[in-house]
């Protein structure tokens, strides 16, 4: 999974009908010190994540293994909000 | 999903028969300020997108989760036209 | 899909039995001016493409959505020969 | 598969219910001399790996082909702990 | 598919039970002149490849489309040994 930080929201009225109601968040990749990188992905939120949250994202077909995303044309899903990282020195 | 901007169209007469009628658009990646990058992808349009539109693209098997792309050999689909981005400062 | 140009052929006698008869082409990525890049992929041809042709390649599980590649261990397929690109200025 | 080294753990209380009980490890990519790179991935552990272990990671839908990850929204799984590498000179 | 050269073997005793008996080879990417790059992948061998062989690798779910890898947590498989490349000048 990708470690990222939610930095915003995408608004889209015209979209695949399966996506109506889906919350589309902009998530920037972060390093292990939570430093934000330029790379980002747009992901469907399934865990009530909000701006500023550090999250995990599952991509590809794995992004469709949640109740909210099953059989939908989405390739990235936020499936966890990170509390903390334990990193060995 | 990838955030991109439609910059053109691919014309291809000789193709897999499942692709007859599919609109193949050229989409350049953009950053959160809509600045266009060099990287691009060719994606099947399913939401009547046109040149200049900022769009979301789903890739991989997720690209086949629309009525227009089901079971077809396509790995990128435009599934939303972006109205606007809300990005936190 | 990836935009590429066919530059050669791979010969392989010892291979998965499902690949017997498959034509394996070497395809370099190209930019929107058809300029060839260093990056390349080996893809199964399904549209009678030949050296010099500009083509589209579908990757991943989508590469198995053709009659010639179904259930086979291939992750890249040429599914269209490009006639031309219309790119907005 | 990716060759990596376990460097830490992710703690996440709020997550997809299918992930309850899953151990989420932080794995940095390593080269063939076990030198750690900056790139990392968060993966579900299925082989009792721990910090300092060199491991193999399967990604994408292949990450869901274990008893512990079947049908779950995870795209990276640790499926082996490496004893040693034999690399030809 | 990726073009690569086998440079070694991974030994792993503790692993997913579906991987018992699988031969795990280290394959470095090569360019069209067979020059070895730094990038490498660990792949399951299904065609009796050995160190020094130039091979093709299928990745992702396509890596599971062989008799030896079906339903197993592997995302890269060697499915052909390359005899030669014909590359146009």
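To keep things simple, chains are lettered A, B, C, D and E as they appear, and every chain counts its residues starting from 1.
By our rule, a residue touches a chain if its C-beta (ideal position, glycine included) is under 8 Å from a C-beta of that chain, and two chains touch if they have at least 3 such contacts.
What you see is a predicted model, and the numbers here were worked out from it, not measured in a lab.
Chain geometry summary: the mean Cα position of subunit C and that of subunit E are 19 Å apart. Chain centres here are Cα means. That of subunit B falls 31 Å from that of subunit D. Annotation for subunit A: residues touching 2 or more other chains are 60-61, 63. Because contacts link each chain to exactly two others and close back on themselves, their graph is best described as a ring. One ring covers every chain here, and the order obtained by setting off from subunit A toward subunit B is A, B, C, E, D. Looking at the complex, you find that subunit B touches subunit C at residues 7-16, 18-19, 24, 26, 38, 40-43, 51-52, 60-61, 63-64, 71-76.
Residues 1-3, 31-32, 46-48, 56, 58-63, 65-66, 69, 77, 79-88 of subunit A are the ones that touch subunit D when the two sit in their complex.
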